[in-house]
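Presented sequentially are two complexes of chain A, the first with chain B as partner and the second with chain C.
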Partner chain A sequence: MTEQSKLITAVIDGKQVTVAAGTMILKAAESIGITIPVFCYHPRLTISGSCRMCLVEIEGGSKPVTACSTELAAGVVVYTNTPTVLEARREIMENLLINHPLDCPVCDKGGECLLQDHAYDWGPGASRFTERKRLFRKPIPLSDRILLDRERCILCTRCVRFCDEISDHRELAILEMGGNSEIAVAPDRAFDSQFSGNTVELCPVGALTSTSFRFKARPWEMARLPGICPFCGCGCSIDIHTRSGNIMRFMARENPAVDDGWLCDRGRYGFDLSGGSERLTKPLVRKQGRLVAVSWKEAIATAVEKLRRAVSQYGPGAVGGIGSAWSSSEENDLLQRLIRESLESHNVDCSLTDDGRPAALALAEGLGTFTFNDIDRADSILMIGADPSRYQPILDLRLKKAVITRRTPIFTLASTDGEMARYARESLRYRAGSEESLLRLLTAAVKKEKRYDSFESDLRAGGLSREAIDRGLERAGLGPRTVVLVNASLLTDDVRVYLVKELVAAMGAGASTGLLFDSANGFGARTAGAVPGYLPGLRPIDRGMSGPEMVVAAERSTLKALYILNREHHDSAAVARARRGAELLICHALFLDEASGSGDIVFPAASVFEKQGTFTNTAGLAQSTAPVLNPPGEARPESTVIEEIMERLKQ
Partner chain B sequence: MEKMLFKRIDVPNAADITVAEKHGAYSQVGKAFGIKPEDLVNEVKRSGLRGRGGAGFPAGLKWELCARVPGDVKYLLCNADEGEPGTFKDRFILEQDPHLLIEGMIIAGHAIGAQQGYIYLRAEYPKAAGILEKAIEQAYAKGFLGKNILGKGVKFDLSVHGGAGAYICGEETALIESLEGKRGQPRSRPPFPASSGAWRKPTVINNVETLANIPFIVALGAETYAKIGEESAPGPKLFAVSGAVNNPGGFELPMGTTLREIIYTHAGGIKDGKQLKAVIPGGASTPMLTADHLDVKADFNSLMAAGSMLGSGAVIVMDDTACMVNVTAVLIRFFEHESCGKCTPCREGTGWLYKVYRRILSGEGKPDDVDLLLSICESIRGKCFCPLGEGAIQPVLSSIAHFRSDYEQCVNGRGCGREEQCRKVLH
Partner chain C sequence: MLETFKGLLVTLRELFKKSVTIPYPLEKRETYPTTRWLHELKRYDNGLERCIGCALCAANCPVHCIYVEAGENTDEQRFSPGERYATVYEINMSRCIFCGYCEDACPTEAIVLEKNYELADTDRDRMIYTKDMLLVKGKGPQDGG
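Up next is the complex of A and B:
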């Protein structure tokens, strides 16, 4: 069949429309700018056809049909605005409202509610219902996070379908029948999905609310600004809703290249960074053993003078800087410039506990090329040590989508339990630490090589065998578009990087590799050069100490000065160890805690919501964010501080 | 007419396979297996057999649609949910002559290429469940079911699936959902079960009585069979007559027998010398008719022309002491209770109707209520996901159309002297 023959032409409201055969009337109408009201229909869920709000008329038809679930047939004439259609909408609205509490004044959904909007546009002016409404106790908790007001529910089943089709956690169900139907947590289940918040956003009415937002604000009081979720390596698109300097909630902002319009609960409900603590609002400098608040001028002058002194006294090698895989690429870039250009040291990394270099090497070697959309097209997926359900949740949904809608075969190899194993054709466990042998064996298996004795015994100990791997590869069926997902934190040394490279090369030209970072900018911190041995753009340069090496050196007082970005994202114990021997500890921090409080100079930082920055997600997609809030007090974005220090160091 | 469907109904112990066989059961299996499946489908098409579950869809056509879909796995489902109020016709076959149904299913399975059949049985028929289970066991033992039936290489397995007690599960797509272990709610059509039914495989779903006709079509041949009953709907028809008659029960009569003959000749006329006031010809969801309609023939087309439907063939008779507000209220209570809740108009509309009836019967009716009832029906009509809602409004619309004065007596405060009794009806 040619593409052409799959197109059909029909008429909607007098306008000709040409669409692919099989297109529903609703979508066809949408394509020519005709909007048909819906409740149960949602573009990313299967069609329910149950609310009946979308009824339209087809010329010659005996009764109205649902636009959402009726295919547009060639040559038909459809009307979306005849008296019959308008009457049908009026009737559906009247029926939907007879049992609805009409408590809009105290409903969180008020102002962004489909029921309100459709009642306004299509509903009858008054109700003729004079009987007693159906009443329910309200609200009932479905989980710690989500509440249900049953009497507001219109039983569109969007929430149920989300749990059945998207998260596949199947935690919600309809209980009872007819007018007594109610949404509930399915018997013997708990609504503890990491995606539960999506149901609140999907709910077209105020039936589902979150404890974090209930009774907090009216939709029209809030400013909405686009942002990028900063809580994992996925970088989902969000709308940040703020009111008088506070973030009230996150809502999904669909980005087909990342999130498909969903958010995980960690992201959606993670916006309160304070955990109840007070933010740092003034620069602090240690004087006679005590941190005291000083002016920015003094703080920066002190930092400049002490850094300069450290270099002149002990040499550049005694100074080091730690960026952050949770800071923007701009900040990481400035940090490495401060260390490399201004202080002429090579000691740069982005973590105190892990060597950031091997993953950078992997990127430099052309690994990490995959995009989320590759998953949609993949022939098969091989996952090594990855647990996206926990660390890159939105990727979990995309993987499930591939399995559910395309039956994409997955082969998982992991040292711990992960949800994706349930979706895999084959899932094998290996013993943590045996990754190198595992990679060798996998490559040998892909290449169908016979020689693998040297590492076989190691794997046997880990519970793996060549036979099991062969079987997994066989079941998953490697193809030209296989996607290999590797947990980036397994790349602890260069050998592993080269082994992954060899594995992927053995798979053929079309294979793509994803390095799964669990941090918001693990990818970008590396391409910004905040790792040993790489400048921005992954240009090689002399290699200084790694983060863990700096901690050891500082503890032994061979490293004298340490400059730390984004203190909250670094391991407190490592900070404490470095502190023991370091003469100078400078950090940017949001809060004064034991670790930042041990610093000699503490700069009050701006949170991720208070500054501009670029974050590169785990699929290599660079996305910029704009500030949605002002930093409190005198807190300042790190970049402006580093720039000023660098400027002064030149003088 | 010689009895066909009820041929063994009075034979003692006909549920036992040896007795049944002695009286002709399974005699057509061998013959049917000698006919090529597509010819068998054609035979049923030519017989003119129309489904006895309510809609009267041509059975042969349904089979053909399914048989034509490519695929090795197909299912044959027998709808034995018999949930339509007033209906108890299938029960006779299920309890007294289960082998007739099994024989029909074996032949149907061969015709459409299904190797697995299920009988979806009404939960309220526990007796039938035991009888069917035993009959199936016997049929297996005798080689009428299983991998190699009669040694002819035909495979057909059959089992009973107990329903969950909801009226909606008699609707074919809800039945399939329920069979699959899901909540019994209708599915969107298209796709129709013939192309994508149970477990998304091509599926034929037929009523018990429909399937019970199959052995006779094979035995008589399509031409002879088609001469029985009405040309537009040949064959025998089971009628379950209940209500104000002297001799309620199940009757096998030719399709097209008049309501008068059914009620007066076979069901013994109206009890206690009273007059007939109303008759529901095909179960609760078919519109009521009046004494003026007694000469209408009970077949699909004739009843349709008279403004009602043959439905399931459940003839419910009311005498002249019946209050139609009362009768309808009870029916609406049923539909309100059985609405599955999936779609808005049926879920909310039947609930609203029910509440209005309850108010009227409790003596608080208002003159506007009659028009309100009609208008609520309008808000349901033609807008529901499945036919349940459409069926639910039929008693309301027809009772108001024919017996508006009953309503007016109630809502205009005039009263009829039986208010005390009415108050109790819906409580």
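Up next is the complex of A and C:
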């Protein structure tokens, strides 16, 4: 048994507790249900021990000690509720409240504030301070999103520690000393981290507030419903706070398998889908060249009749359906069933601009098996074309954690600048377009083959050499427990998929691969069968046209009818091109814009917060969401509409 | 027979006494000092609104008839002292039970139940009293003052 895992026994408040040696008193007390009040302590940050709120008494000790930073020793007797401890808490509270303003009624934190709660539970009840409180101009902006109220700050340094340890952007610091201390953006820095919103959530008082939630609602007025963030491939767990039919804010909900309790600003502040425009509330059908609002019954009848006519007139091959990597798996499954089963066509894809098939092939070939927790255990990490800092921010935090806490070596190969290059042992740039040569060379290097093929000259033109790759592999120590992260959008054809497969196989058994999707359900849209050549569960089937092929075919009028799910997430230019030659364009849309307005039948859709659905994140974790709002007007979830069309097509 | 006359005598006597009813609405009775009827949102002497939009009144309301939305004061447009003011302040008067708990909860003594009891209406929508109906008239920025 090592020193670390040795168990010790001690007594806290008369209760016996057995914990691993090295456990802090606070955590040991927590394990037997004794809560000690804290301000600066946070389970996911390093220990600061600065607020002194967690003072406890140890029998035989000369003075109280901080429970958060004192290890529990074997056999000691700890008290958390002696008169000395209570007196210490009262004094700490009195000291903190000297300068803290009494503006709880205007403060956004009022109602969920640690200082408020502790003052109520442990405070002296009355103030003896009659002098003038410290006054500051309030609030001052730290960034476009975050405001600081220095009067309210209790200098717990949680925000500073977050920026130093978790996001590693180091933008916040304490300026001045003693009584003049204040939190500020470090000199010559800007607080522009994509994780800045976490500091607001970490702040135990109302010192840090966000511009997006400022004065929007009081904490007790909001309904809190669990959800999944729909803004990137990570699928972080969130709590959605709503008030009278509106989303007020997102808060992080800890999920160790994904987000570790953090949230990026894109997710946290991205919930306003409206962009200020009016939502579609009634189905629209084109009559004599103009879109006219009609009843659902008529809209669906028209869609059924026109789809049926297109199939009978031009054959099933003239009909196509586009799912969406941003729609739920259920919706994508229904769409492919509508096209494949009801209309007997094979033209299904999930994007108008990219072929969805290669990534599906990669999944079918057993790539894409990694989990976020693999990063914590990995011996080394190889990143190809991936920029998680921009596209999968929470994965970026996971990678930083591995580098900072375990010194995991990372080898990045990218065609653009990415933040992760700073954390990599070795980072190389390649020229965009030379990915295939890169994969071949990388595989040859991993296999230690001495082949020099034509592909190397391709890479040399981009400034990359076999020697550089060999050096990178050696420094990063790639091997059996390597995690290979590949940007899914690099997989544009089958050759690349097999090259990645060969590369991973060359690493040895145990290496896991992650396909990094930028979209919320890039993984799930493929496993739900909204790609050419694959049914749900990635069972192969005849391959029809891909999305880009459908656009070309529609433009040339060889594809007559196109059914588009989730119009907002498809390229408007591609929709316009398809429109030029297609006879029938049906789409589900939230808003009436140029692209949806060019449709023949437009169904008002429900936003991602207004319907149920399953989203599979980039690590293959399927998570369900429940509706938190009602769709406006007559807008309906896409799934119910497609189901009804399928039902009517049967008759 | 005699009892009937005795009864009628009482009626006759009452006829010449002063009446206890009043010809409302031509004449109105004086209210008790502690009576609680229609709310007023008060102002400070300098014309600024007392209400800061904290919504503690709404939190304390047993029938949930108060709805508050808050906004931020700017130096150009200031409604109340400090950072926060009420952009929306509505009371559903057909739900209100005039308990006065809102008055108890108010940290700035902005809301006070005053003596106007003539609240009957034939339209439910008109029973939603908005901020401009509740706020006492005075010199505020929105009144050009």
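Please note the rule applied: the second predicted complex is superposed on the first by the 647 of 651 C-alpha atoms of A that agree within 3 Å, B and C clash if a C-alpha of one lies under 4 Å from a C-alpha of the other, contacts with A are read in each partner's own complex, and residues count from 1 in each chain.
Just so it is clear, contacts are C-beta pairs under 8 Å (C-beta built on N, C-alpha and C of every residue); 3 or more make two chains touch, one makes a residue touch a chain.
Given the structure is predicted, the values throughout are model-derived calculations rather than measurements.
Under the clash rule set out above, the superposition-derived model of chain A with chain B and chain C shows the two partners fitting side by side. Judged by the touch definition given at the top, the superposed model places A:Met177 against chain B, while chain C stays out of reach.
When the two structures are aligned on the shared chain, A:Ile541 is found in touch with neither chain B nor chain C. In the superposition on chain A, A:Phe215 contacts chain C only, with no contact to chain B.
In the superposition on chain A, A:Leu225 makes contact with neither chain B nor chain C. Using the contact criterion defined above for the overlaid structures, shared-chain residue A:Val106 touches chain C, although it does not reach chain B. More residues of chain A lie in touch with B than with the remaining chain of the pair chain B and chain C.
Of the two partner chains placed by superposition, A:Ile140 touches none, neither chain B nor chain C.
After superposing the two complexes on chain A, the angle subtended at the C-alpha centre of chain A by the centres of chain B and chain C comes to 90 degrees, rounded to the nearest 10.
Nowhere in the superposition do the C-alpha atoms of chain B and chain C come closer than 25 Å. Contact residues of chain A toward chain B in the complex are 47, 49-53, 55, 62-64, 69, 88, 91-92, 94-96, 98-99, 128-129, 131-132, 134, 154-155, 173-174, 176-181. Residues of chain B that touch chain A in their complex: 166, 168, 183, 188, 336-345, 347-352, 355-356, 359, 372, 375, 378-379, 381-385.
By the touch criterion given at the top, residues 103, 105-106, 110, 138-139, 214-216, 218, 220-221, 244 of chain A touch chain C in their complex.
The touching residues of chain C, when paired with chain A in their complex, are 52-56, 58-59, 67, 70-72, 82-84, 107-108.
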